[in-house]
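Please go over the structures that come below.
Each of the next two complexes has subunit A plus one other chain: subunit B in the first, subunit C in the second.
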Partner chain A sequence: MKSKLALFLVLIMLISTMATGCTSSQTQAPAEPPKTEDPANEPEGPAAGEPVKVGAILPLSGSAAATGVKLKYAIEVAQEIINGEHPDIALPLAETMGLPNLGNAPIQVVFSDHQGNPEIAKTEAERLIQNEKVAALVGAYQSSATKPASQSAERFKVPFVAGSSSSAALTERGLNYFTRIAPNDDMETEVFFEYLKYLNEETNADIKTIGVVFIDNEYGVHAAEMVDKWLEEKYAADGFEKVVAVKYPTDVTSVDTEVQQIKAANPDVLFHASYIGDITQFVKKYKEFEFSPKAVVNYCGGFQDTQFVVNLDKDGDFFSGGAACAPTLFSTMEVADKINELFKVKSGGENIDGPALEEFASLMVVADAINQAKSTNGDAIMEVIRTAKFDAPYFSTGAIQFDEKGQNFYSASFIVQTQGAEYEAVFPVEIQTAKPIAPFPTWTERK
Partner chain B sequence: MVKNKKTLIIIIAVLAALPLIFKSDSFHNIMVLLLIYATLGEAWNIITGFAGQISFGHAAFFGIGAYTSSVLFYRFDISPWVGMVLGGIFAAMVALIISYPTFRLKGSYFAIATLAVAEIIKQLFVSWKFVEGATGISLPIVDDSWLCMEFHTTKLPYIYIALGLFAIVIFVCNYIENSKTGFYLKAIRESHEVAESIGINTTNYKTLAMVISAFISAFAGSLYAQYVLYIDPFMIFTLDISIKIVLLTVLGGIGNIYGPLIGASILIPLSEITRVQLGGTGRGIDLMIFGLLVILVACYQPKGIIGLVNKVAKKFKKEGEGNVEANS
Partner chain C sequence: MLGQIISNGLLMGFIYSLVAVGLTLTWGVMDITNFAHGEMLMLGMYSAFWMFQLYSIDPLLSIPISAAVIFVLGILIYKLIIKKVLGGTGLTALLATFGLSMFLKNLVQYLWTPNYRYINGAIVTDNKIVIGNIILGMPQVVAAIGSIAMTLIVIYFMNKTKTGKAIQATALNRDTASLMGIDTGKIYAITFGLSGACVGVAGALMSSFFPIYPQSGALYSILAFVIVALGGFGNIKGALFAGLIIGLTEAVGGYFLGTQFKYALVFLIYLIVIQVRPKGLFGW
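Right after this comes the complex of A and B.
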């Protein structure tokens, strides 16, 4: 019996082995040279007609799947622009097919799903680097997934350009192969305070007391820490004061208690760090409990997802937050408008949002850097990424350039406010498409 | 017992040979995860399979191990090997402390209590600045080193560390299963009251099982942290890990030392293959297939794969005996 059992166990392991062995052999090109210890030092450049592979790690399933799919569309749009001929779009690599400096090699994006799980993000990053031989990585939206994935990229000396991950801690790790396009929550918080000061000057809002509402994960907790940091360092002197901080669990199903807690403290402004499902629940409860703060500012997350206005329609009006784009600006931003048109074909008519545009930018930057480096060598690509200034006419700032820590110092973010179920750019004044409305009308007044 | 040892040696030898035969990185990754989860399954089997106390909170001990070695390495440059041992000791101490109140509960109440304890520990780590709270710890990347347990050019060292740990654990489990303690634990599992009536100190033996189980889980946690090089409370104390441990052990065969390895040998490759092959589609198809297979096994083979093997073996034995009788 025992020997039969041993035989059975061995059989199971062998079957598993053969199955996984097959997986690997299918993804590895037979003509590949043997793996060297330092992939970055391999002589680079694809063979004629061979595509240059870039890995995109996104949450394509799990709680952020809806957002992940939109980010995938945005990256596909970038791939389409790079690989096709789009002389009508004034973007680097749009006019020609593929990467001109590499014999017009096309970019091939290999998508993978990290399910919102950091362990899977790390595993997928390694798989893409080792098996798929990607030249660079983009993604991974959730900061907690971007961290281990970029750690793996660092180990293999493969560039990782994060589009929309916002935790400031990402660029504080001293990594040499990591950069990020989105403004981090540190930068966003400063902009929020400047916006509030502007509201106090321009309207009769008289905003002083602050409430912070944040999800209990790295994104939320770090955002809340940034509020404390900026209050202590600068804005407490302007009369701002935190009166309540409400943390809610990642798997929250009802926010009644949280909203009652917020209402009891009655802050003038709420700083929200929430994903789309959570912020939708909160707004519905604010209405139910008739809680009307004077303003609400949202970190890059659920509010920026265009699903916010779909879910809430006019109940979602007067909320504001940092964003990399606003459809109302597209009429004055020709390139962004054309990108949006391509995006809408994939999304079924839905406009591109800030995080999606940032992920779009990440692939454009990577492709541009590979083209300028004339190589798929990690060090050569990173050298370009670190030193070059990339044209980004789809952002209000018009450019992307990274500082020594890898943070894009042209903060692409501005403040948008929902008015009539549309995102209007309200701050800074130079790009304003509408005047901000503050304080909020009460829920009764809205009727 | 001797036959068991021979079987175990064959299994360990096969496991040791596999990564040398199949050299793909994907396969090596699966081997590391498979061995870590099989070790966790063995640990869980001691308290649940042998002693019959259902725990849904083993991620807590796993997390304590991961955090102890990571914090010591990250803050004080102390080798993860030292952190691994200290993590085991901390986890065992925590198990000892929580065992006293929770072992006064029985059945589903104990299971709920373990869930609650794991959640409390998670919240402590989320709010604890010294361990970087919700932000988590990114372990420093150093050159390949056995001392620092970091290997970037090959996964083979991780596989053999995981295999070494698994081998020790499965022999310990085999020893416990066939020892007086193992028989006492099984007696407690079958009937708490009867075990007490024959003089077994049920609280002491259950606590001992919990402490050993926590100690082993923490070792696996330290190794996992060194492998992933990043931990945060949401990934490490998650219910998903506790459920995965339960799932693979139940699938393989609960209360049997081979069960966790069989379960892990099926679930981990299945999870990885479906995810890699189908994950990029953006529709979560891999998770659907995974869920469906788990439902099928749970519905048609509740005793696990090992139960199926035993059933088939018994059938063959009966047929063999029948043939002998007919011939005589």
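Right after this comes the complex of A and C.
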């Protein structure tokens, strides 16, 4: 018996070690960088013919691997465009091979798997910088992983361009080597409220009460805080009121209890900050327990993954969320369409989604910046990243430019709604491909 | 509302029980901590998924197939890995099964991508039982009934068959059982196979309502370890009741104290119980 208990203790220790990445964000204070390992002081460019290495830290295994693999495909597409000759794609670096200002040096992306674990993200960032000598880092999808990885990059003065991580806290840390392309949850929340006001004006939805459903990590908790912030600062005056907040663990076997809490409060609209596995389970339970809110808006996460409509089909209809792209817009966006075609070759026919397009953009920006800087020196690259305006015709905004905090102020986010198992752009009205449908039909009313 | 919460907790509890019954057989009988138990469950879910996807066999009908597949896998794991480390320390077997769990997860991800997969269109999908204000999802109800049936079959097998009694004798004292003419090697192999069959059944039952992906067995496996320790090592009835306690704690505690704490409550209950009964609620 004693041996069994001893084994159980070992087991618990192992489980705790494995689970650390899933429960909370890591907030290490930036330490002094090792003086002997400062890439900023290293030679300015690669030797002739040598590739320029860029590290990409992604969740390639673990519960977010389904998304991580798609982000990897998107980064590979960017690498392909940069290193190959694609005169048909109107993008910087597409026409020529490699980086013309560095002797056509190719970009070599070194992928690394953080497994959704912030601690691993941090050590992998350090490994890529110290051992692989990467000139810059991209990634890491989950904000809880991006946070420590970018802190490591800061220590070594290596630029980190986050593609899709959405926690606004990431750009509030005063880091000098960190920028982010995706709209943050602060910006998303404001857009959500404006969308709800639009729905109230244009339809008879009469949305007032809010429920916030969020995963217990950096991404979810911060998104929930942004709802409180915007209510207090602006939108409570418009009659919006939060009636329930449901925080759920990062790994769940069932969301029955969570849905009961939501159903008991019966909010008009749900703000969801969930990954693909969770949001799919929630939708199935909303249907089972016959809970039909008037609207659901989703932060950048699982809803944007096209598996959402693959797995739920029409049950996934009428959900909304912020997105950087919508396949229904590709017919009017030639570059995005071509990127999507290259992406589909890798994904087996699946369309590129918003987070993947943002990760694509992160490598394009890094490569463009290295090329413009004519150097792999971290400070020189960062100078370009901070000051240049990058062409991004694959986004509805057409450009990427970072503010003093490192946030892309041309953030390409609009609202999409699933209709007929397709993502339709519904807000703002200028890019609308379909009118939004609100309120939700009840589950029994659906065909 | 409370009725709904309790119902949800009980339904989940029965499913946890079946996963734990499989684990208690190997942990209780062989004194081996099988870290790959969750991955065996995951493979049970995938076997039901592929039967549905490739041959349109409903998960309910593929229960025997999943059970057989994971039974064979269990025996293979025993013959190829566990048997080699049985003479070593407990930690050796633990690390061997830990390695196996990592291998299986990565193999599945490589073969079938990490995508979350669902079985839509199964017999039980979208059906429900409504009793007053209580809504019971048919997939969960069927899974709970299946779990109870499988648990009873295992209890019958262990108490009424010669092999079952031989398993119990081996659990009590391997050397004495061997002296009495029991082929303990064979018994161990059968026990591992039976453990696999339990999660094979559980996997097929769960496949109609739980996402199927390479990590899908992980959390169930962790809860199963708690349930086995709570119910008493090697005690099948203990696993059944402990599963229900865990299911109820998760549902009721989560509802009233906050869903983010529901698994913390589960571990708290375990810690409290082992203070009072270190051998588990039904341990001996």
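Here is the rule we go by: the second predicted complex is superposed on the first by the 410 of 447 C-alpha atoms of A that agree within 3 Å, B and C clash if a C-alpha of one lies under 4 Å from a C-alpha of the other, contacts with A are read in each partner's own complex, and residues count from 1 in each chain.
Please note the rule applied: a contact is a pair of C-beta atoms (placed from the backbone, for glycine too) under 8 Å apart; a residue touches a chain by one contact, two chains touch by 3 or more.
None of these values were measured; they are calculated from a predicted model.
Student: For A:Lys122, using the defined touch cut-off, is the partner it touches subunit B, subunit C, both, or neither? Pick first, second, both or neither.
Tutor: A:Lys122 sits against subunit B, while subunit C stays out of touch.
Student: According to the stated criteria, A:His222 is in contact with first (subunit B), second (subunit C), both, or neither; which is it?
Tutor: Once the two structures are laid over each other on A, A:His222 reaches subunit B alone.
Student: Subunit B or subunit C: which reaches more residues on subunit A?
Tutor: Result: the larger residue contact count on subunit A belongs to B.
Student: A:Arg155 contacts which: subunit B (first), subunit C (second), both, neither?
Tutor: Touch status of A:Arg155: first partner only.
Student: Who does A:Val246 touch here: subunit B (first), subunit C (second), both, or neither?
Tutor: Touch status of A:Val246: second partner only.
Student: Touch test for A:Ser61: subunit B only (first), subunit C only (second), both, or neither?
Tutor: both
Student: Name the contact category of A:Asp317: first (subunit B only), second (subunit C only), both, or neither.
Tutor: Touch status of A:Asp317: no partner.
Student: Classify the contacts of A:Val69 with the two partner chains as first (subunit B alone), second (subunit C alone), both, or neither.
Tutor: Touch partners of A:Val69: subunit B and subunit C.
Student: Hey, what residues of subunit A end up touching subunit B and subunit C alike?
Tutor: 1, 3-6, 8, 10, 61-62, 65, 68-69, 216
Student: Give every residue of subunit B touching subunit A within the complex, in rising order.
Tutor: 3-4, 6-7, 10-11, 14-15, 18, 21-22, 24-27, 29-30, 34, 126, 133-136, 138-139, 141, 152-153, 228-230, 232, 234-235, 240, 258, 261-262, 265-266, 269, 272-273, 275-277, 279-284, 286-287, 305-306, 309, 313
Student: Which residues of subunit C touch subunit A once you look at their complex with the stated criterion?
Tutor: So the residues of subunit C touching subunit A come out as 1, 4-5, 8, 12, 16, 27, 31, 33, 35, 90-91, 94, 98, 105-106, 109, 113-118, 120, 126, 128, 135, 137, 209-211, 213-215, 218-220, 222-223, 225, 229, 233, 250-251, 254-255, 258-260, 262-263, 278-279, 283.
Student: Where on subunit A is subunit B touching in the complex?
Tutor: 1-6, 8-10, 12-13, 16-17, 19-21, 23-25, 27-28, 37, 58, 60-62, 65, 68-69, 72, 110-113, 115, 117-120, 122-124, 126-127, 130-131, 144, 147-148, 151-152, 154-156, 167, 169, 173, 216-218, 220-222, 250
Student: Write out the stretch or stretches of subunit A touching subunit C in their complex.
Tutor: Against subunit C, subunit A makes touches at 1, 3-8, 10-11, 14-15, 61-63, 65-66, 68-69, 216, 246-249, 251-254, 256-258, 260-261, 264, 276-277, 280-281, 284, 287-290, 307, 311-313.
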